[in-house]
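Chain naming follows the written order as A, B and C, and within any one chain the residues start at number 1.
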Amino acid sequence: MAEQRDATTSLAEAQSSLSGLMTRLRGGMPGGQAGLIGLLVVLVVVFSLFIPGFASVGTLQSFMFQLPLLGLLSLAMVVPLITGGLNLAIIATTNQCALLMVWIMNSLLVPDAGVGATLGVIALAMLAGLALCLVIGLVTGALVAYTGVHPILVTLGTKSLIDGISIYLTRGRALSGVPEILSSTLNGSVFGVPVIFLILIFAAVFVGVVLKRTAFGIACAMIGSNLEATRYSAIDVKRVLVGVYTMSSLTCFVAALVMVATFNSASADYAQSYLLVTILAAVLGGVDPFGGFGTITGLMVALSVLQVISSGFNQFGLSNYLTLAIWGATLIVVVAAQTLKPYLGDIFSLRRRDQQEKSA
Amino acid sequence: MEEEVPFLRLSGLSKRFGGVRALEDIDWDVRPGEVHCLVGENGCGKSTLIKTVAGVHPPSAGTIEIEGKDVLPLDPAKAKALGIQVIFQDLSLFPNLSVAENIAVESHLDGALKPVRTGQMKAIARRVLARLDLTLDLSALVSDLSVAERQIVAIARGLAAQARLIFMDEPTASLTRAEVDRLLAIVARLKADGIAVVFVSHRLDEVVEIAERVTVMRDGRKVGTWPVHEVDQRRIAHLMTGLDIDHAVVARDMSAAPPLLEVRNLSRRGEFADVSFTLRKGEVLGLVGLLGAGRTELALTLFGMSRAEGGEILLDGKPLVLRSNREAVRAGIAYVSEDRLSLGVVLPQSIEDNVNLAVMKGLANRFGLIPPRRRRQLAGEWVKRLAIKIPGLDRPVQTLSGGNQQRVVLAKWLAAAPKLLILDSPTVGVDIKNKQGIYEVVAELAARGVGVLLISDEVSEVFATCDRVLHMRAGRLVGETVPGRISEHEMEERIYA
Amino acid sequence: MPDALSVAGAVPHASDGRAGLTRLRRRPEFWLLLVILIVGALFSALAPGFLSLPNVIDLLETYSVQAVMAMGLFVVLVAGGIDISFAATASVSQYCAALLASQMGLPAPLVILAGLLIGTALGCLNAALIFYLRITSIIATIAMMSVSFSLLMYFSGGRSIYTLPDWWTTRITFFQTETASGDLARITLPIVLMIVVALVTWAMMTRLSVGRQLYAMGGNAEAARRIGVPIARLHFVAYGYLGFTAALAGMLQAHRVGESVPNAFANTELAVLSAAVLGGASLTGGIGTVPGVLLGIVLLAMLQNGLNLLGVSSYFFQIVIGLTILVSTSVTVISSRRGRRLRGIGEASTHG
């Protein structure tokens, strides 16, 4: 009892100090991202005021170049998260796919190959990458669906396995060398918008539509909330789960393309620090870590917030590490605010009264 | 007996939550060593009453006396020290700990750096179990025990904590008859030891056999207390609801209707054997029996969730082999689970998605996309047809009352247009008014030619809705009756014989 | 009547011997030990020197740091939580202690105390986020990991501290013996500390009420609350203890390598988590034992060391870890599910 009272008192205290932020975040969850969009606007305005040159085309362009990799990886994480799972193998999958594609392009391309041959090799490499991701996704999904082992453990295992294979085969070295035609296409822009950003937008719209507008997507959310009840409603839960991890893995293929383009090389240990950031971004965007709820719009807004913080701090001359720290802190504050929100309405009415009655 | 000071006496007890009156002016007493039934519908205030006596909620007015002494203010620790123990329906045990540790939990789960004495714990557990004349493997994990054994552990835990009055919340809900008998024998021993037991239930069940008095509650008030032999189930139902529910027998002779479902010698090892019956179009067929008789298992096999190991199922005269419940739904079979909260609805998700869940795929256009308008229309239509009271289609199902949640489950299956609807205890946790509404839905479906298989624990429910009743015992069909040909009482005798 | 009553207990009692064996067979420790024996026998047959005293000691010392962390993580897992931030906590405590020792020249007891306090405080901060702000433990600790690790990298600029005082880096040997081949086998501080921490953790979790309360909370948090178990305090005990052991492991690691590298613990969290899970600690809480977790660590250590001795590339090791996790968890879950299916019906109806 004492603990409970403590909890509520400190909830009340924390709540009052957060009330300023809360007013802005009100209406943010769930269903809309008003609060997060508000935060985004505030950040942009503050940075524009205090950082000379922040409000410029250059900033916007670098924003659009930097967002896609983290964005695609987050998309790969969000789909399993909505079903109440997790895919810790996304980075490993992406790296392995990138390695495979670069390796194929490196070994099959002779220096003076014609455009046709080059395109053929690129197509072959992409096909191989796609096939690899498909296999990884199917296997992971089957393990999750048919063994019933918690996805954290399954994907911890597959992550270790995939990383191990990549490291073993490459001896930890990076493979570099991407055909000019591929890297210039992917690094190019259409009407000033980077191609990789367009890829992200396309992937996000696709995943968003699948989640919101298809039987598969709705089943994902239902499974995330109650797997057994969904199974009793004649939904093929196992097939949906296999589909979820396959979709996650195929998103990694797209991420691998972007990665190959941005780094012009591939390695088993690129982007490893992004793994947990993708979970942060998803939760920040309103995805319920226990499954059942989450929107792609929310995720995209959250990613933008993170990226704006990063760009702003970079231009302010602060290190990348500090950015990561601020990202973590942002998450804690926003999630705490979300947690406290339901208490807000009745904390002064119901809860208080309840406490008074209990202590009376 | 009458001169005796009651163990517990409540006088003028009231409890308000904000503007809501949960308990209103309750005068009630429990005698030492008495077995007492406290019955009332869900939400009548019986849980609040227990929690108030257990010190969880302070009363807004009135007094609580134990052995003639006013004990207010009360907190959970004090209530326990005074000998009041509550065994909740979920039993509140620790599945990962041993039997001994669960029983002796109060003696070693205080302080922080107190040494744990396994020998002492086992001694306590053994002593308590000896008082009950029971033996249990003390080092077995609770997760390995059956429900009945877990209940014994929970009772033993109460005894180990020096209980003088034990509240048991719906104790027989998940026990078989043999297990109920064992429970009643244990309660008889407690009684002999001078420990009072209060059974809390939403109906008058098997426990009345050894109870002395029954108290009925309605809308936060005590309706009255009677010696148990002066009341019966029908009177209690009336007292609990204030409604005079007319359980007129509706049985029709459906033998001329074409057969819909024919089950021949269906068997599944350890669950049911040699089950044969015919269900006709538009017929409502009851299936009664004790818990563990194999009724739910039979239903799950008909719904394709488990495979029959012998025999055959014919639907519309055609043999049916079901590999999954998806095939069952495609064939026109729907199943409403007995466990609404964990298997019937997806509580946190929207009413709209819950209603559409079973037919979601069919809503998609040729691109595989489901237009939002179509989802809304379909769900809205079913909500209207089943008169579900909802705050909004996009609200989570958990905001609805039990009766309306059950209607959402019905809507989900009716949207799939089944030929055969299997209802497994569809009115558990549904108040009497809503029960009537569900019976009306069943009658309407039957009138439209849907075959209904109704599994139920309540003979009155089966008699009020079914054309024929099958009786299942220990996995086999042992009898068939037509309601009205024998009385409800006779039927009950047969089931519990 | 007594006849009818004894039915409840009759089943487990009648077959006590068999029940004991079944229970043993269901323990992950039993299987782990079996696997370890098989793997050990295999390696000692293939790689002479695998079972030699110096090699075994070396193996233990290499994994002592992870073992100390695993003890703390085990407590958190039993309590029903999870912590991803402990490796970052170890780095922060280690680096701060190293700064205090090398820059300010504080004496040993103060430095150690400060390091342990920092670790414990970071653990308690996690507990506060999880208990008071109700942030899911995995999310809270991922966020805390980003915050504390990034701040460390920012303020340290990624620079290592090589000037640790002698008292810190001097090897402390408790016992040493010369083997027949003339190699020295030393029982050093890391091994002793590992044993001490394991014993303390074991005693706390099995012999003290606080440990049983942690098991109870992990098994059924709601029931624990109902019978008055101090849930808030237990959160602080579990996460605080993990912070404490992480700090200890951090300083121990600096002791072994003789320097403080800010990112020395990169990716350690998942390795330690794998070992704990391999050792039978459940992610859903309430289940796991100290010997089990230690065996998990030993298995991973043996695999790495044995493959090394066999001349298999160390790069291959991660593949083995991955396969081990996948196989062991699948086998455990599938075998326990087979047992459960028999009682499935009874279970399902308890939801009623």
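In this section, a residue touches a chain if its C-beta (ideal position, glycine included) is under 8 Å from a C-beta of that chain, and two chains touch if they have at least 3 such contacts.
Here the structure is a predicted model, which means the values were calculated and not measured.
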Taking each chain's centre as the mean of its CA atoms, the one lying farthest from the centre of chain C is chain B
Pick the pair with more C-beta contacts: B-C or A-B? B-C
What is the distance, in whole Å, between the centres of chain A and chain C, each centre taken as the mean of its C-alpha atoms? 29
CA centroids of chain A and chain B: separation to the nearest Å works out as 43
Which residue numbers or ranges of chain C touch two or more of the other chains? 228, 233
In chain A, what residues contact two or more other chains? 1
By the touch definition above, chain B meets two or more other chains at residues 76, 342-343
Can you tell me which positions in chain C touch chain A when the two form their complex? 84, 129, 131-136, 138-140, 142-151, 153-154, 228, 230-233, 267, 270, 273-274, 277, 283-284, 313, 315-326, 329-330, 333-334, 337
What residues of chain C sit close enough to touch chain B in their complex? 1-2, 4-10, 12-13, 16, 19, 23, 206-213, 215-216, 218-220, 222-224, 226-229, 233, 237, 286-287, 343, 345-352
Residue ranges of chain A in contact with chain B within the complex: 1, 209, 213-215, 218-219, 221-222, 225-226, 228-236, 292-293, 349-350, 353-354, 357-358, 360
Of chain B, residues touching chain A in the complex: 17-18, 57-58, 60, 73, 75-76, 305, 324-326, 328-329, 335, 337, 342-349, 353, 356-358, 360-361, 363-364, 368-372, 412, 416
Under the touch definition given earlier, write down the residues of chain A that touch chain C in their complex. 1-3, 6-7, 10-11, 14, 88, 143, 147-150, 152-154, 156-165, 167-168, 171-172, 272, 276-277, 279-280, 283, 289-290, 319, 321-325, 327-329, 331-332, 335-336, 339-340
